[in-house]
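Read through the structure below, which is laid out as structure tokens, and then see the notes.
To keep things simple, chains are lettered A, B, C and D as they appear, and every chain counts its residues starting from 1.
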Amino acid sequence: MVGAGGKMGRMACDALEGADDLELVARAGRQDDPAALARQHGVQVAVDLSVPSASPGVVAGLVAAGVHVVVGTSGWDEAALGRLRDQLREAPEGIGVVVVPNFAIGAVLLVRFAQQAARWFTSVEVLEAHHPAKVDAPSGTAVRTAELVAAARREAGTPAAPDATSSGLEGARGAAVEGVPVHSLRMAGVMAAQEVWLGNDGELLILRHEATDRTAYAPGLLLAVREVAQRPGLTVGLDHLLGV
Amino acid sequence: MVGAGGKMGRMACDALEGADDLELVARAGRQDDPAALARQHGVQVAVDLSVPSASPGVVAGLVAAGVHVVVGTSGWDEAALGRLRDQLREAPEGIGVVVVPNFAIGAVLLVRFAQQAARWFTSVEVLEAHHPAKVDAPSGTAVRTAELVAAARREAGTPAAPDATSSGLEGARGAAVEGVPVHSLRMAGVMAAQEVWLGNDGELLILRHEATDRTAYAPGLLLAVREVAQRPGLTVGLDHLLGV
Amino acid sequence: MVGAGGKMGRMACDALEGADDLELVARAGRQDDPAALARQHGVQVAVDLSVPSASPGVVAGLVAAGVHVVVGTSGWDEAALGRLRDQLREAPEGIGVVVVPNFAIGAVLLVRFAQQAARWFTSVEVLEAHHPAKVDAPSGTAVRTAELVAAARREAGTPAAPDATSSGLEGARGAAVEGVPVHSLRMAGVMAAQEVWLGNDGELLILRHEATDRTAYAPGLLLAVREVAQRPGLTVGLDHLLGV
Amino acid sequence: MVGAGGKMGRMACDALEGADDLELVARAGRQDDPAALARQHGVQVAVDLSVPSASPGVVAGLVAAGVHVVVGTSGWDEAALGRLRDQLREAPEGIGVVVVPNFAIGAVLLVRFAQQAARWFTSVEVLEAHHPAKVDAPSGTAVRTAELVAAARREAGTPAAPDATSSGLEGARGAAVEGVPVHSLRMAGVMAAQEVWLGNDGELLILRHEATDRTAYAPGLLLAVREVAQRPGLTVGLDHLLGV
């Protein structure tokens, strides 16, 4: 476990220790060399929950040491993923890396379901609510959801959602992400929630997810740790492991 | 029934004919003089569902004829209400007029409850969804709800809701109505819905109303017709009749 | 269109007439022989919206006449489907029949998503709300949803949902359908709604569908009519046409 | 603070210490005599968060010592409240006691709003969701809500909600509490949630409350502590302090 001292790291250690079929053999803090530690302890699977600036180096070192890696650190852009993909192609041993932007299974399913449903509805909008200390609006997940929804509709040739709005107040219709309105609420009492509304004449489908506690990330983490060795190369996103 | 030929008018006629304790004695169309018709038929209570331009004249005529009036036509501003209040003060007979901006009992209760609850919560936001043919956003009801919520918080000295948003996309945080964010969705499959979200650390109260059919206005209309004779002078809003 | 005079039939005729790429060439009532009518008018695709007692005979006749059929009539059990499957195997011409228990796209997606998500959650329960004139509780769709959820969990080896209830009132925990609790609300103001709640520690996924009008069935009907000729043999359920 | 060592007690101490206008002067554990401690420290207001068996004695002692008391311990039945009311009538000093079955402001408002709205709707049902370790179903709050809803409808002469259910599965329609159906979900990922659904033809009002954390009780506790001295005699329920 790399980054074992952070909030996510502590939750992750608890989850691993609670699993009968897994053993947590080493915890790496800021001063440690994760690859050396992994070699020393015969680690099979590493979990990277370090910081964005350190994560690519940590993962490269672990892969070079022949260790499968589950990456939960944020900040992996297309360029970094490309470099990792290249490294894995060279790595002889069938090493797998799973990069997981979101460990909450329900959140991942929500995005996937929205993407699958989007083409079949006249109207689609995204709504998210987070605690008031959040600095960005919309959330990264909501923007990503809207982008995937927009892409699915484009590919299927779904017409743009109708909207006759011609007067009113600035901002009422939300932020448009590739034509999909996204509405952000900031609320005491909410940790993270997201809703996707999909409407046809006479019917409404609402997909809603709430995360109320960091423990929500445990089942997704355990799933990734259990599956990564069976997935050589690079896998991005928990949805591939969920079979949806 | 004035305006008996319109959509609301037909619904209202159906509702009155379905009520055992009420009798629909006359229907006035565009060519008719409602006050003359009322005198001729001995009408006790008139319902005005005409058009905004005609409504003040219709109501003044009926009041002068000694008829109680339930007004469901929109467009009554403070000036028009003031003139009506003056006329009713002169009217000797204890005539009552009830002006009802919204006959849907649930919608009226939602606004009233939001107003009562607003001062007790750290965060309050308003969300409304309507069919895609609606031309204004936010809806008039949502703006009015936000204004009442803002006023209740101001009177109680409730601090402004916290919001750390410092980056993101234009419009994501909705339209600010006196500091209360309002989010407008436009959706096939929805006629009219409104939600008020109220949050404190550790708890969330959501008040939600949906209208799916014009029949939603019937119980409020019947209530107003039954009560108007017991309410001399001017009453604005169904909430006064609902005892909340 | 077989059964063109019923409520569903009239909606279906309106939908077909509103579609530029489809032509409604014949309407069969109770007295008509659908197969003869189809031959006479050169019908390519028939829609059966007759009654349960008539439907198997109607469909067999149409298939024998070389016509693709979309079946929206309820009451097709496994035995009837088996006989139709046998007939289609004999039919030389690559004739397709699509049997659609539910034309509302959102309702079909909801069930499919619940089925896919079920294995990943600690707890799953089903809630449905219908108008107060409904005679059965739970609804057929809710029972079917619970059965599919239960089967998905059984296949994946998901443990039973925890439930410490040891005291209380009869009925509070709903009806158990293969171990999945189903709760039925009967409400004025609701036509048909269904929710599936899925919970893990720290997260909650709620899938919600509402149908407010028979027009909700139009897009699913048009989809089936357009696709049936490309699907020789028997297809049961709109989900196969939705690609989920 | 009596019962300062329990979970609620620790939350309450944190809340009081975070309030600028209040000072926490003494904490009583199991061995302490709260009344003696109060006299010693010149306590003006005591908070009782002890255990049901101890609470009546603790409160009686504090009242005799001339201390206002906020009672958050459960288990106060009508007989115990009657004895306390008698004692307060004798107490010369205008001492106030506020007994608070639920400190979550949103939960209290939800019940109050449901009670006010109930008479105006054709159908009303109650739904609650709690964590799977809860032993009773329905929750005490849900039963109380249904009782208050039923009483409000009885007093107003509202007819029973229509329900044509004549076939189906045992338990589907929930537990009937004085004729009001109550549905209990037990879900990982939920701490405590309650919904009241109210329906008329064409409209639906849903009041929803979720508590996700014990911090939800802080604002209600602080409100009671600040107000109890202005309320001589016995007050039962936070709603009286919320002005609804």
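We take it that a contact is a pair of C-beta atoms (placed from the backbone, for glycine too) under 8 Å apart; a residue touches a chain by one contact, two chains touch by 3 or more.
Fair warning: this is a prediction, and the values are worked out from it, not measured in the lab.
In summary, the pair subunit B and subunit C forms a contact in which both copies contribute largely the same residue numbers, shared numbers making up over half of all those used. Comparing the centres of all chains, each the average of its CA atoms, the largest separation from subunit D belongs to C.
Chain centres here are Cα averages; for subunit B and subunit C they lie 39 Å apart.
If you average the Cα atoms of subunit B and of subunit D, the two centres end up 33 Å apart. Residue positions of subunit D with contacts to 2 or more other chains are 121, 189, 200-204, 210, 212-213, 216. Subunit C meets subunit A in the complex at residues 104-107, 109-110, 113, 116-117, 120-121, 198, 200-219, 242-244. On subunit C, the positions that touch subunit D within their shared complex are 121-123, 125, 127, 129, 132-138, 143, 161-177, 181-190, 197, 199-204.
On the subunit D side of its complex with subunit A, the touching residues are 189, 191, 210, 212-213, 216.
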